[in-house]
Each structure stands twice: as structure tokens, then as C-alpha cells.
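The following blocks contain the structures, represented as C-alpha cells.
One chain, chain A, links the two complexes that follow: it is found with chain B in the first and with chain C in the second.
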Partner chain A sequence: MFSFCSDPSVLDGLAWLSCYLTTGTHMLFYASFGVVLLLLAITAPIALLFGYGGAMASRSRIAPVRWFGKIYTSMVRGVPDIVFFLFVPIALDQGLEWLRHQALCDSDAPVRQGNDFVVCASAKLPLSTSPEWVHDIYAMTLAVIAFSVVFGAFAANVLYGAMQAVPRAQLETAEAYGMTPRQVTRRILVPQMWTYALPGLSNLWMILIKATPLLFLLGIEDIVYWARELGGAKTSSFAYPHPDWRLYYFLAVLVFYLLMTWVSERVLDRVIHRLSAGQATMAGEAQRKAGVV
Partner chain B sequence: MDYGLRSLGFGERLLPRSDFTLCQQFTLIGSGLIWNLYFAFFALLFGFFLATGLALAKTSTNSWLRKPAEGFIFLFRGSPLFIQFFLAYEALVMLPRAGVEIFGFTVATSWLTKAWAGALIVLTLNTAAYSAQIFHGALMSVPKGDIEAAEAYGMTGWTKFRRVLWPTMLRLAWPSYTNEAIFLFHATTLVFFSGFPAFQQRGDSLYYASYFAGQTFNPFIAYPIVALYFIVSTLALIGLSGIVNRRLNRHLPGAAGRIRYRPQIIR
Partner chain C sequence: MKKLLLAATALALTAGMGMTQTVRMGTEGAYPPYNFINEAGEVAGFERELGDELCRRAELECTWVKNDWDSIIPNLVSSNYDTIMAAMSINDERKAVIAFTQDYLPPAPSSYVALQDGVDLEGGVIAVQTGTVQASHIAETGATMLEFPNIDQVFAAVRNGEADAGFGDHEVMRPFVEDSNDLVFVGEQVNLDEGIGVGVRQSDTELREKLDAAITAMKEDGSLNELIKKHFGDDAQTYE
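This part shows the complex of A and B:
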């Protein structure tokens, strides 16, 4: 990156380090922190949406919809989330390819032949002719969907609990005013549930942050991948030979996560404080007595 | 079937390569479950005592005790378990192969890099941090009257802790602690996906499941089997914890019966 970096073998000390830390692969390493933040930014809203859908479904009056909602919300209770992270992307990929196989391929050959999953070339997802970035985006999309499904189920649990926690009298009053069920939901239930949901949701956000290294298992080139790649021992055939430095790379990643959770905790505490102002809850009451509001 | 104890290194050595039967998958994945149960049991056992100590240290007025406890809890609760595994493995590998000399004795260190010890240490420390936070919260909400009553009886120090503080703390913390235990049990699936290698293909249930899914390109059989095993084990864990909960609440007439078990899913 710097002009004096042209011949790494003559450098030493700080100059060597400054050149080493600005190589192309290190730039990819730094960019992968952005990938993590991007994943968080995309997944959180989608998961919240899934969670809202799941919570509403499990309150539904139509029995099949309610069953679906109940199953969805309880699926993460007994099964480790990592099983879903491994299962959902493959299942989704094969499902999509199977659908395309039915539509695009001429042959009626079965998709499963022995231990192989075979679809014709035009049904492959993404097409083997498509450029590298399409493959990357496709893998990332599958990862986002897997995360959203799992964390949507977590969020559905939280939101369902929050909806149940809204005082029944509030909803009955709204009904007495002649509001339709939709109006009750929109005007009374949803605005009031947030204060009950927020502690759970903030907890969920923390778990989501701490689940992002699992991207590595899905084959995404994330920070864990680069920490392992860059940290591994480099012989003199590399421009910047060094011994096994994976420990230091992982320490850097650890510090990144500690910072993320620390900052999130500070911010979420403030939001919770704000939202509980004036609420008929213990926190709101404590604030009223202390004369903060 | 010769795969019943495959995860421990007994029985048939070669994993099946073709013609996978349902029976093979059930047996191998079930044999891997032994590791999950082993990690969960010992991590919870050791972690429980460590957590009690940490929670007490966190309530201490002595900042030499309190600050380290707070730092420990922040470190392990604030970072992903996955990274902790990697970091621990890299750190343990760096120990000298031949062992460390302490007072003339050579202490072997190579066993620490094996999953059974290294991963167990990480899991223990991790659950200790989470449980310590739960126990600390429970200690803070022990009713003042209980403590005053204990002091009025002339109890101090250890006796007061053993007979009043600790049972009440456990009683209050138990529902959340159960939740933590479930989370830890589920986290044991991470062991063989993190830095710790599966020696001679002796892995946990998810290790074998992903082996089968990788060999057959069919995720719809192996992963549901793992899910089934975990659902059954989790239900057993909840049942077990319900028994403990009844015992902890036995002096409160009606309380144990009334507590409806509704495990939270948030750690």
C-alpha cells in the first residue's frame, strides 16, 4: 500500500508491520468485518418480521395457522440452533434446484441417484457459468435466510410473550369502544407490546451478534475464515513470512466482539429506559418515583 | 451394530462409506450423543460451583474480589463461544509439547489440546460466567427479612450462607438456571466444529450427522435424527430440573405445584 512496501524482505520493525497489515488479503480481512455488520443489519429486520408473523400466527383463530405458528415458535426450544444453520441452507438449495429441475430439465431422471443429488446443468443454482460474485451473493443469501428463520423463531417467542403481557383490560376496553380485532391489534396491542418485548429483543440482539461467527460454517469468507487464513504459519515463500499467529488474530476478533456487545448493551439500556418512561410497569413506576420523568 | 460406542473409539473402526442404512445413522449419531451428554454434565457440574463463587465475589465489597469477577463475566458473556473455542485451542497448542516444569516435576500439557479436556474447560468457564450472572441476580433479590431473621438467630458467615442465602438463591435462580443448562447442552454441538479436531473421527452427534449429510447429499435424514435426539434429551433435562425445583420449593406449600414450566429460550 505504501510506497516503501515494494520489497518486503528488506523491511523490519514497524515499517514491516505497517506494510504487513495493509496487504491486499488484510484489506479483505478488514472488509469481512463489514460483512458481519451487513449480515446483522439485514438479518435483524427480517428476523423481526418473521418473529412478528410467527407470533401473530400463534395467536390466530384459524387452527392450522395457529398450529403452524406454535410449531415455528417452539422449534428452537429443543433443537440446537446450529443444526438449523447447517440444515436450512442445504435444504433450501436442494429444494430450489429440485423445483428448477422440474421446470427446466427435459429428463425425468430422479434427482436422488444413490448418494448423489443430480440436476441438469441449466437447473444448477447459481449456474456454473455465472461469475464468482453471484456464487458469493447466493451463499450469503442462503446464510441470511437461515439466520432469519432461526432468529425469527426466537423473536416470535419474545413477541408472543410480550403480546400476552399486554394487560387484558386494555384490549377489552378497546373492544368495548367497538374496535374491530384488526384495529385492536394495530392501535392497542402493537404499540403497547414493545416495552414488554424490548428486554427479550435486546437479549436476542446480543445472541445474534454472538452467532455471527457461525457464518464460517456456512462457507462464507468471514472474519473467522480470514483470521485462520492470515494467522496460519507462512514460510519464506510468502512475501511476509511469520510463525503461527492465529492466537493474535483471534484475540483481535474477540476484542471486536467484546466491543460490539459492550456498545450494544449501553445503547439498549438507554432505549429501554426511554421506552419504560410512563409505562404501568415496575421500571416505569420506579422512574416516576425517582422523579426522572 | 458395531457403532454403538464408535464415538469413544470402540467397535467397528471404519465409518460406513456407502449403502447407508437408517439403523447405522441412528446408532452412530446416538453414539455421538454420548459426547454431548459428557460435555454438558461435567461443564454444568464444575461450572455450578465456580458460578456460585463468582456470584459471591461479584457481590463482595472488596474491589480486589469484585473487579476480577466482573471482568471474567464480561469476557465470557460478551464474546461468542465459537471464538472462545478457537482462541482456547490456539492458546493451548502454544504450550510446550514436552510439558511444563513446575518445582522439578514435569506436567504434561498435550492432553489439554484434546477436545475432552480443552473444550470442557472452555464450556465450564462459559457456563460459569452465564450462571454467575443469574446467581448474582438471584442473590440480589434474596428477601431482606430472610437475612435479618438469620442474623437474629445468631448465624454468621458460612452458616448463614449455607442455610439461608444459598438455598434461597438457588430457589430464585432455578428457572433461569434450567434455561442456561439447556443452552449449554445445545452449545456442546459446537465443540467439533470449532478448533478442536475430532481425533480418529470420534465426534459428537452433529459431527456424525454432518458426515452423513455430506456423504449422501441428503440433509433430510441425518439432521432430523439429531433434532429428535436433542428434543428427547432436552425434555429429560426439563423433567429432571422440575424434580429439583419441587425439592427446592418444598417448604412453600403449593408453590412448586403452581410453577408452570415454561422454559425461556433467551440466554
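This part shows the complex of A and C:
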């Protein structure tokens, strides 16, 4: 990074530290904060979508759709997150490779050979010849799917509860005006449910933030991976030998997560405040009396 | 349209044939000086250099992949990568699941480290890395075994007193002991393995044969010995 970093062994003090903190691995460490934020930014909306779908399915008047919604929420919520995160990416990966094997390979060799799971070179996902970033994005996509499925199930339950909490009288009034069920849902139910859903969803968001270190389990190099990797004692095989510094690295990660949750709490409080306006809930009533609205 | 499709198919097919095979080399990246992640964020160490040389000789295109030690065999078997070069000792337990090439490093001794001399190695608490030959050895002695996912944490456990001693590959422990002012080697060295080889899938005979031939060639012209001396010092065990 800096010109004086070419021979780290002669440096000391601040110069050493400034070189040390700008090594390639440290740059990857800083970039991994971006990976975590990216995962959150992609997963949260998708999980919400899954949740909305799950909640609507659970309320459906068509029995099989309702069963599907119910089974999805109760099954995923009943399995430990970690088991799910270990299961979904492997199952998806092998499932997709098996499908591609059937379609693309002209050999009829079995996919399972003894201990081995082997598909032909053109059925590999991603291909062995693909550059590293394709592998990274593929792993990340599997992670996003796993996270979305799990958090979608929780979100579905929250949204389902919120939909049930919207006063029945409001919906009946809408029906009395001659609105179709679809219109009732779109115009009355969905706009009103958010105030009931937000406390639960904000809770889920916090849990999602704190669950991101599980990325590490999926082989994605997130901040926890790098904190452990960089913090570990480095011998003279390395250009910057140092003793065990994991304590400081984990402290930095801890501060990052605290900051993330602190900022989220501020933002969510404001959103909840806004959505309570004009609602027949305690918070909305309090606002009305205080003359805020 | 049909012509276009045909042309595209033909192109895809020939492109597929023209490609040299890409081999993904799996390694742990946390076991200096065998393999580690250098400051640039790349896999480095003895096995990186040896692996690249083997690929050059076998005319393979190779890329390196990092994987945690405890899942390194399952992920080879499920074809996430094609070889393991991670200081993996050849033993019967592993041979039941994967295949090995001939050894590229002679059997290496394992050593105990502790904070002072005279710790009880037979009945004390010994820290090891999980899934290693050293772990299987300690399991057979009378000592209480503490397992950790990587070698770093083994040293941390010895330093903070959680374990009386740590047990691991001598060459990996040596730089840690030499760099530190608190750790010492204790007790006798133990010979545990049949040498270190490249792990490949059992169904992947072709790749195993190619790598085997390259290793033989490197043993014969002495370049393997040079590489060993470069990374492990002049006293390191080499091939005759």
C-alpha cells in the first residue's frame, strides 16, 4: 500500500502498524464488512417477500395452499437454524448438479460412486473453469436462499399474526361497501397490518443481523472468519509476525455489531412511530392525545 | 434459427474440448509452513509451491480453494474441489474414504509443547487439532484430550493454561516455539504417519496417476528435496 512497506521486518511502531493494517488480507477483512451488509440488504427484502407469501398462503381459502403455508412456517421454525443452514446449501447444490448431470452429461455413470458424489465436468455448478468470483457469488446465493427461507418462515408467522390483529370490523365495513376480497386485502388489511407487524419484524431484523456470522459456516469469508484468521498468532513464516491478537479483532467485530443494532433500533423506532399515527392502538391513541398528528 | 442453434452447440462442444482440465486444489490455509494465507490474501507455503509445480508438470490448470480442516474430506468427496494438499498424513482411516497419491513428504515426527518441562503427558490434559493423526494418537494414550478446530487455538489453550501441553506436527510447532519466549518442546517425539500425500477422490484414478507421476519425477530429479529444504530448513528429512 505505502512505499515504505516493502520490507516490513525493519519497521516498528506506527509505520509497522500502518503497513500491517493495509495488507491484502486486511483489505479482504474490511471488504467482508461489505459482504455482511450486502447479505442483509439482499436477504431482508427477500425474506419479507417469503414471509408475505407464507402469511397469505396460511390465510388462503384454498385448503392445499393453506396447508402449504402452515407446513412451511411450522416446519422451518421447528428446525434449528444451524441445521437448516448446513442442509439447504448442500441439498440445493447437489440437487442442481444432479439435474444438470441428467441433462448435460452423455455418460450414464452414476452420480454416487462409493463415497464420492461425482458429476461430469460440464455439469459442475459452478464450472471448475469459472473464475473465483463466480464461485463466491454462487456460495453467496445459496446462503441468501438459506437465510431467506429461514427468516421468511418467522416473518410469515409475524405477518400472519399482524393480519389477524387488524380489527375484523374494518374488513367487514370494506366488504359492506362492496369491495372484493382482493380489494379488501390490498386497501384495508395490508396497510393496517404493518403497525402490528413492525415490533415483531424489527425483532427479526435484529436476529438476522446477529445471525450473519453463520455465513462462516457456509464457507463464506465473513468478518468473523477474517477476525479469527488475522487475529491468530502469526509465526515468522509471515511478513508481519505477531502474537495472538484475536481479542482485539473480536472486539472490533463486537463493536461493529453493536453499532449496527444501535442504528437499526433508532431507525425502527422512528418507523414505528410514523406507522402508529392515526391507528386505533395505544401508541396511536397516545399520539392523538398529545396532539402530534 | 436452427442454424444458429446448431452453430452455438458446435461452438459450446468444441470450446469444451479445447479446455485443459481445471483442477481445484483444496487446502486449509492455516497450517504454516505447509499452507497458509499470506499478506496478499493468497494461499502460500510449501504445498502451494509444490502443488503449482506438480500441476505444471502434469499439464493441469490449477486453482486454490480454502476449506476448513474439519470439513475438508467431506467437501472433497462431494466434489467441491478435486485434491487435498493440506499436510494430510496418509493413514488407513482416511484411505477408507479417499485415495492418496504416494507421499510427497517423508513421515514427520509429532511433538509436545508446553509452558515448562515436566508436565504429565500420560495423564494430563493435551490439546490437539481435531481430526488429525495426533488426535487419534492422544485418544489412545491415557491423557485427557482437548480438541480444537485449528492449530492456533491449540497454542492459545496451552498458553492460557486450559491444557497442560499441546501435541502436533513438529514442523508446524517449531516456528511457534522458536518465535515465542514461553513455549518449549517437552517429552519424546512420536512417529505417527506414513508420510503426507495428495488426497483425491477414490473414483478419480486418472488425476491420481497424473499427480503420482509428477511426484515421482520430482523425487527423481531432486527438485522435491530442494523444495523441502527451502521450506523446512536444511535439517529436514528428505528422500534418498
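Keep this in mind: the second predicted complex is superposed on the first by the 283 of 293 C-alpha atoms of A that agree within 3 Å, B and C clash if a C-alpha of one lies under 4 Å from a C-alpha of the other, contacts with A are read in each partner's own complex, and residues count from 1 in each chain.
Please note the rule applied: a residue touches a chain if its C-beta (ideal position, glycine included) is under 8 Å from a C-beta of that chain, and two chains touch if they have at least 3 such contacts.
Note that the structure is a prediction, hence the values are computed from the model and not measured.
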First, second, both or neither for A:L251, with chain B first and chain C second:
first
By the touch definition at the top of the document, which applies to A:P45: first (chain B), second (chain C), both, or neither?
neither
Identify the partner contact of A:G278: answer first if only chain B is touched, second if only chain C is, both if each is, neither if none is.
neither
With the two structures laid over each other on chain A, which partner does A:P181 touch: chain B (first), chain C (second), both, or neither?
neither
Return first, second, both or neither, reflecting whether A:P191 touches chain B, chain C, both chains, or no partner chain.
neither
Looking at A:P167, would you say it contacts chain B, chain C, both, or neither? Reply first, second, both or neither.
neither
For A:G24, decide between first (touching chain B), second (touching chain C), both and neither.
second
Considering only the touch criterion stated at the top, classify A:V224 as touching first (chain B), second (chain C), both, or neither.
first
With the two complexes superposed on chain A, say which partner A:G34 touches: chain B (first), chain C (second), both, or neither.
neither
On chain A, what residues does chain B touch that chain C touches as well?
90, 94, 115-117, 244, 246
Within the complex, chain A is touched by chain B residues 18, 20, 74-75, 77-84, 86-87, 90-91, 94, 182, 186-187, 189-190, 193, 206, 209-210, 213, 215-220, 223, 226-227, 230-231, 234-235, 263-267
Using the touch definition from the top, list the residues of chain A that touch chain B in their complex.
76-83, 86-87, 90-91, 94, 112, 115-117, 154, 157-158, 200, 203-204, 207, 209-214, 216-217, 224, 227-228, 231, 244, 246-247, 250-251, 253-254, 257-258, 261-262
Within their complex, chain A touches chain C through residues 23-25, 27-28, 90, 93-94, 97, 113-119, 121-122, 124, 127-129, 132, 135, 219, 221, 229, 232-233, 235-241, 243-244, 246
Write out the stretch or stretches of chain C touching chain A in their complex.
16, 19, 21-24, 30, 32-33, 36-42, 45, 61, 63, 65-68, 77-79, 82, 97-98, 150, 152-153, 155-156, 159, 175-176, 178-180, 201-204
